[in-house]
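Beneath this line is the structure, given in structure tokens, with notes to follow.
To keep things simple, chains are lettered A, B, C and D as they appear, and every chain counts its residues starting from 1.
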Amino acid sequence: MVSESKVTVRYAETDQMGITHHSVYPIWYELARTDLIKKLGITYTQMEQSGVITPLVDLHCRYIGVSRYEDELIVKAWVQGLTAARIEFGYEVCRAGESKPINTGSTMHAWVDAKTFRPMNMKKRFPQWFEGIRQMMEENSKPCPKTY
Amino acid sequence: MVSESKVTVRYAETDQMGITHHSVYPIWYELARTDLIKKLGITYTQMEQSGVITPLVDLHCRYIGVSRYEDELIVKAWVQGLTAARIEFGYEVCRAGESKPINTGSTMHAWVDAKTFRPMNMKKRFPQWFEGIRQMMEENSKPCPKTY
Amino acid sequence: MVSESKVTVRYAETDQMGITHHSVYPIWYELARTDLIKKLGITYTQMEQSGVITPLVDLHCRYIGVSRYEDELIVKAWVQGLTAARIEFGYEVCRAGESKPINTGSTMHAWVDAKTFRPMNMKKRFPQWFEGIRQMMEENSKPCPKTY
Amino acid sequence: MVSESKVTVRYAETDQMGITHHSVYPIWYELARTDLIKKLGITYTQMEQSGVITPLVDLHCRYIGVSRYEDELIVKAWVQGLTAARIEFGYEVCRAGESKPINTGSTMHAWVDAKTFRPMNMKKRFPQWFEGIRQMMEENSKPCPKTY
């Protein structure tokens, strides 16, 4: 399953080159994976309240084109890797109505216990959520977006 | 007492007008009051760990001039109001070596219990800190910066 | 005329108090006035390309309640003051489906020439846009949202 | 040559996990390479005014540990790749006084003409700056920080 989130570039997100600052794309990735997780019938907020947090361990962004103030964009997100210890998401950012991405990326997250900040075995601790995510990953249509 | 904090404008803080985005000044105010509180011998982090948080209830900024990428600025901060329920800070942002501010502002904060998110009587709960802040406010040299 | 823009709180917009950081509200105001201006049939982007920029000269925010990650909010914006030299917007942020604001604010902007960064007489330079904005302001239904 | 820039974590840079939000590290990288370039005797601002901009084409961050509000950090930056068309920087973020990084990363930038937004041959257009950067890269002491 690939989710699609719509964003419009905010003025504050531009820089003096007149384009969206590169540090904004990871923030868009984040709202896209929030939307993706919601499709499972749970929310990140519920996950955190249940004691699971998912800090980043790795971030990769490729900037292919630029975006500008007021541009309407679609951010696609999908799960591209899952283990008991980690989850990896893939992303594509396209202009609304276009299929060629202006940006692609990936983020790797650890499953971490919110109280101890220690690694957690997601498969054992929340087997149902784990299974739901696993199925979501498998449903990725072929040919799925190329992972970065 | 008036603290002075040095900041250099970051690229990400600019917008497509080629100037520092206005939403950045409140963030500079925040680091300036962090520095001011440190002069009391305590840190915001210690305050929060002791159970006191200070969410904003009011923010006022006046933009007199502009700043640009790589500009070196001084952010002055001082306490300009204190009650058992609230604290108010004043701010001035100047270019390094200049005395005329390019920006002035103020923030009003509530003393709030970190666990309950309810108002707290700072004077009763932490009388020593309260007294320290009160003295800091009185030490404001005259003529002190004009509050906004 | 009062525009309404929908925002969902992003994870990056939260701080360690677990609430939306106060510096984010001015950014939401900005996207709300972008939407408001669009209702005139023009865009901020077109205005800037025509040589008009509108840097802030004054910002005021009142924080009445808090918002948290994933909260769905409505940001209302309207014009509450207009002269040849300046324009003032008013704002209210409410939870979706509620009418009591959690935040109210206002921003005052100068009409400035993009090339010279000097004040500009908007009424003379772009009389049609000026008139459009003036009418938009007058259409504010009574009782309109209380200006801050 | 490896530059070292000091940063103190700002409150606004934290998120509801109580740690620095991951999107902040690329902003720290940016101020670190600003400082590195200054060591050449030129500034980014001068480069941009001369018609060269350097948009990102690739960003990679590895998050090894966390940082928190008020933490004092050192951001190291160095040039780790240079061609007529591109420049690559490497980064390490350490706690002040420690040598083990909590974060490492790299950014790849294109040399782009500010007016046309088209690729530019830096070696031909600004041979002196190019040579200065090349020498700076060669001066990287061995063993230099491991590039990511």
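FYI, a contact is a pair of C-beta atoms (placed from the backbone, for glycine too) under 8 Å apart; a residue touches a chain by one contact, two chains touch by 3 or more.
Since this is a predicted model, take the numbers as computed values, not measurements.
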{"item": "Residue-number overlap at the chain C/chain D interface, same or different (half cut)", "value": "same"}
{"item": "Most widely separated chain from chain B, with each centre as the mean of CA atoms", "value": "A"}
{"item": "Euclidean distance of C-alpha centroids - chain A vs chain C, Å", "value": "29"}
{"item": "Separation of mean Cα positions, chain D and chain C [Å, integer]", "value": "35"}
{"item": "Chain A and chain D, separation of their C-alpha mean positions in angstrom", "value": "25"}
{"item": "Touching two or more other chains - residue numbers and ranges from chain C", "value": "11-12, 16-17, 19, 23, 27, 30, 68-69"}
{"item": "Chain D - residues contacting chain A, complex", "value": "16-17, 19, 22-24, 26-27, 30, 48, 53, 55-64, 66, 114, 117"}
{"item": "Contact set on chain B toward chain D in their complex", "value": "8, 10-12, 27, 30-31, 34, 43-45, 68-70"}
{"item": "Complex contact set, residues of chain D against chain C", "value": "11-12, 14-19, 21, 23, 68-69"}
